[in-house]
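In structure tokens below, several structures.
Same chain, two partners: subunit A is paired with subunit B first, then with subunit C.
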Partner chain A sequence: MATVTTRKEKIIDYVLNGVTIIYFVIALFPVVWVFSLAFKETSQILTWPPQFLFKPTLENFQSLFSGLTGGNTGSSTVDFLRNFMNSLIISFGAVIISVLVGVPATYAIARYNFKGKEDLAFTILSFRFAPELMVIIPIYIFFQKLGLLDTYTGLIWVYQLITLPMIVWILRGYIEDVSRELEEACWLDGFGRIRTFFRVILPLIRPGIAASGLLAFIYAWNNFVFAVLLGGSRTAPVTVGAMQFISADALRYGDMAAAIVLAAIPALALALYAQKHLIRGLSLGAVKE
Partner chain B sequence: MAVFGSSKDTETVERLKPTRLDLLKPYLIILPALILTIGILIPFGTGEVWSFTDYNLMRPNWKFAGLENYIRMMKSEQFWNAIRVSSTYVFFAVGAELVLGVIIGLLLNRDNLVTKIFRPLLILPLLIAPVIAVLMWRLMMSTQFGVLNYFLSLFDKGLKDFPWAGVADYAMFTVVLIDVWIFTPFIALLVLAGLRSFPRAPFEAAQVDGASKWFIFRTQTVPMLTPYVTIALIFRLIDSFRIFDIPFALTKGGPGDALMTLQVTAYTQSFTYLNIGRGAAYMFLTWIIIYLVSKFLVNHWMKWRSKLS
Partner chain C sequence: MGTVKFDNVTKMYGNTVGIKNLSLEIREEEFFVLVGPSGAGKTTTLKTVAGILQPTEGRLYIDGKLSNLTPPYERNVSMTFETYALYPQFSVYENIANSFRSPRYRKPEEEIDKEVKRIAGMLEIGHLLDRKPGELSGGQKQRVSLGRAMVRRPSVFLLDEPLSHVDAKVRHRMRVELNRIQRELNTTTIYVTHDYVEGLSLGDRVGVIKDGQIEQVDKPDVIYHKPMNEFVAKHVGFPEVNLVSTSGRSHEGKMELIPDELPSMRFVLNPEQTALVKEKTRGGRVRVGFRPQAVLINREGKKAEGAFTGKVYAYNPFVTYGIMILEVDGTRIRVLTRANEHFEVDQEVSVRIESKDIYLFDESTTTNLIYV
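== the complex of A and B ==
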């Protein structure tokens, strides 16, 4: 029977746990290592063999924040704090606009029956799967003419391609989960459709809005392609900023590691906070947990 | 219905009869979202048109060139290289992620202290921006200071000089390794979510009947898991076929043309050679391939999606 653990099953269990531990040691090592590099002095980074024990220093972060990266080399400056602020502005802006236009749109898709409904939903979904450059190259030319290159407005607009499909497709499931009977009962009680939406539906789908907004934020924060081509020195987010550490000279490992830590932490913190909802989000609502 | 009284009943009936405004309403509600996205769809259409022109950023005027971009693309060595690179990338990266992801998902579906500690950490690599992840790996891959080279040198002294993406022969291996590190958790997470959502009854019944674990796995777990694996595969196949940021951040497509995937090639055509028409042709073709594959897969996905919910 299932409850009796035999000796053999116990050994299998140990082996399986061992394999699990090995996988995670390998998978987590890069994160641990690079985070540790961020707290090392340059001389401790550029040694052979690599040092596993060291006295932590905040030197790298200080040079990042003062804008004078590179320390002794100090020829070029990368204003990483500015990149960080840009990431915040663009990601927040994109998510807020997506929520404002996406929630009503999703409600219409989930609750109304109208011609071309699935086609519209599929069109919005297809943005998630389109090769980005296909869209970026023409937009680049258009933005150049409209003066939208390297502006927050331009980037927030283009980022709708990332955030809007997430909001719409994740929320669709959440709205469909709200029972129609409940909604219809409210109408019968004299609530209008709009009042029902604000007083009944909206509070019920709030976790969905939070989850989809969060995931959209992470994807916007992590985007590189749109920002590198349509942004510029004024609007470059962290993903573009961190790349600049390679070009200048290859030995600014400490700054690069510190920049990586700063670029990764917001998404990691948000995600650990809302881990449960993310799986539903990652599959755009297809898999529920 | 009687509880609501007759007056309200007629009111409802009236409300169910749609007026013209009612028919328009859903479109009006969607309108803001559409305006935002149509502003982006128009350039998309323009790009398709450009693929039939000789548009070049160096020249002010352009004229239609028919299928010339496509014909020259098909005849060029670059194009077939891009197809080869992209297909190799998809095959090895997604293949490894599928096998590893399913195994990790199954491993984590057991309840004990080890899985409890590690389960929340599974998602970690997935949350780091792919370009940032590439930078992380680049910090570890150096013949002078790289910690990975150090580990390799413990096995074999000569491996200290392993060049990773610095040499064309190992570039594909390196980029696939990074991709697998980032995206294996994606498949594992969906597999795990699937396993957790299964009803317990059929498994317990089979166990009581004395069925072997392997038999239960084959006849119960595998079929129930299939839709979850399918969904994970759709996402991974499409995303890795249109990959840009990982090879771009690693070597910008080099050394030589070792990592020139379709999107990186399109980028080079458009922004290095400023040949917009040719770049657009690459993108349009990539898009058609993705569209056909995803149309097929998404149709299946819609079926699975309705089955799951």
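== the complex of A and C ==
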């Protein structure tokens, strides 16, 4: 069939495309700029007018991995690789524990009626919107007494404040969307409640677990306040590590940019991996609406 | 194997009544149909048998065993759901085979394969086994859900509105099929529907339920011809039964009932009915019910006994029958006519009703006088 396009429609089309392009330029510019900084020499970074065409160098990345940085502006050691590993351990640890704890907890909130259910659910949510700085002093004192400062356990524990609410509140909707009758049918097929959970609920909420896990991971990965105050040199993640590029004598933009580029990789990789689990519509179609 | 007994069972949802003081016995190999309007407690009754819901009060026996607290996975009952409730992540084959993968009904793989294919053949879904439920039509999903319930040999089948969401043609065929399958498997079946035609045509016995309480349990023809009360008479039958309040009086040695609002109409009672009215009512006040089918067009011209005339208010001819709304003394009654008849609006029509075709209900309790 031929599509009839009037002149007016064509103009609207051009305008919309134009606006979209402008938006992308504005939104992506900082990303592109940071990316380009990572491949520039220190001298090129600070020149005016800014250079868009330059000969890329891996100097910044080299210095990240060698631990020695700074070139001619005085050197200090930053063990970026260690920061990176710390970030991975803490973020993955926090998300894994949140999923293990959060999935059954969410199931209970979504399916059972018990006293104080909504209060409990709201309390979990409130972890998310209470400012971190508000609770950091009591937590710091606890951690000091328990010897948890600068430990992975301590950070993974406190990161539950970030990751658990995310998982619980996103998954709640997913579980509520699974028809109760699917479970009931499975009981009648001879499966107990726990087996039914693994057989019916878990496969159907997998996209939800992927989505909420990914989001929780990104928030955990980007957290700064808890890590800087409760972590230390042993456990500092990339967010804290990157701060060390701000030294008394210089702001090491190149190293920072390189660190940012590297730090973005895990989240991106995870997003790509999770994508295949984020299929909508898996649960559609089996139940009469 | 295969009996269910409700002994004064009540199920409350908070303060809302689900079913109330239900006492009912379903016999071995019986096809029992529960009919009632939506919200009457039909599904609640089924889910109580399934063990998904637990009775608030009373006792439930399955196969003679007190089962109030037996969890669903230990009851050996199977159920189809109004929503079908097929597992979307599994193929049709795995949906049907699901119960054989459970610890309770586990079977060796060759046997599973045999059973699944047998039931799929019976339901004519053999070619769909590799599909996912999302790729099936409503009627096919329906069959898969029946297959899942029937593949093993439970004590009781519970079928919740199995035909309500399929189109008319499939419904018709499936109704016949269901009857055949049930005879073939000889398994006690409780079948829930809001469609009285389905109920009357399938059931060995039919229970009519309203507001969580059973109104009448009996064979289909008794339900239709001797309804327990006005509700049963209204719920069963199409078009809906006509109901009028009447007073009795003697006339030429016979008793006549005269509707309050249709003074030109009269019901001449036979001797048994006369006795009933005399014994069981106060002052001959009776509610009379007569089905639209019972109103006969009077073609004899001269005044037959009990004949009266009305004006046609509306006439709706269908291919196999017609529905007429007849206005008598300003009150409208429904009349079912034969096919190929023609009536004009405002035409005068003489009709009569035979005394054997009327139901007599108590004015205050609405109970049929034959049951008082």
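Everything below uses one rule, namely that the second predicted complex is superposed on the first by the 259 of 289 C-alpha atoms of A that agree within 3 Å, B and C clash if a C-alpha of one lies under 4 Å from a C-alpha of the other, contacts with A are read in each partner's own complex, and residues count from 1 in each chain.
Note that a contact is a pair of C-beta atoms (placed from the backbone, for glycine too) under 8 Å apart; a residue touches a chain by one contact, two chains touch by 3 or more.
All figures in this text were calculated on a predicted structure; none of them were measured in a lab.
*Asks:* Between subunit B (first) and subunit C (second), which does A:45 come into contact with in this model arrangement: first, second, both, or neither?
*Replies:* In the superposition, A:45 touches subunit B alone.
*Asks:* I'd like to know which partner A:213 touches here: subunit B for first, subunit C for second, both or neither.
*Replies:* The answer is neither, since A:213 touches no partner chain.
*Asks:* Of the two partner chains, subunit B (first) and subunit C (second), which one does A:141 touch, if any: first, second, both, or neither?
*Replies:* Only subunit B; A:141 stays clear of subunit C.
*Asks:* Taking the superposition as given, does A:192 touch the first partner, subunit B, the second, subunit C, both, or neither?
*Replies:* The answer is second: A:192 touches subunit C but not subunit B.
*Asks:* If you stack the two complexes on chain A, which partner ends up touching A:231: first (subunit B), second (subunit C), both, or neither?
*Replies:* After superposing on A, A:231 lies clear of both subunit B and subunit C.
*Asks:* Please tell me which partner, subunit B or subunit C, touches more residues of subunit A.
*Replies:* Counting residues of subunit A touched by each partner, the higher count goes to B.
*Asks:* If you lay the two complexes on top of each other, which residues of subunit A touch subunit B in one and subunit C in the other?
*Replies:* 187-188, 282-283, 285-288.
*Asks:* Would you tell me which residues of subunit C are touching subunit A in their complex?
*Replies:* 47, 50-52, 71-73, 75, 77-79, 81-89, 98-99, 102-105, 132-135, 138, 141, 148, 165
*Asks:* Considering the complex alone, what residue numbers of subunit B touch subunit A?
*Replies:* Against subunit A, the touching part of subunit B is residues 4, 8, 12, 15, 23, 25-27, 29-30, 32-34, 36-37, 39-41, 43-44, 46-47, 50, 104, 107-108, 110, 112, 114-115, 118, 120-121, 123-133, 135-140, 144-147, 150, 181, 184-186, 189-190, 193-194, 196-197, 207, 228, 231-232, 235, 238-239, 242, 244-245, 249, 262-263, 266-267, 270-271, 276, 279-280, 283-284, 286-287, 290-291, 294, 298, 301, 304-305, 308-309.
*Asks:* Would you tell me which residues of subunit A are touching subunit C in their complex?
*Replies:* 179, 181-182, 184-192, 195, 199-200, 203-204, 281-288
*Asks:* Quick one: in the complex, what on subunit A touches subunit B?
*Replies:* Within the complex, subunit A contacts subunit B at residues 2, 13, 16-17, 19-21, 23-24, 27-28, 30-31, 33-34, 37, 45-50, 97, 100-102, 104-105, 107-109, 112, 114, 117, 120, 122-127, 129-135, 137-139, 141-142, 157-158, 160-161, 164, 168, 173, 176, 187-188, 218, 221-225, 229, 238-239, 242-243, 245-246, 253, 256-257, 260, 263-264, 267-268, 271-272, 275, 278-279, 282-283, 285-289.
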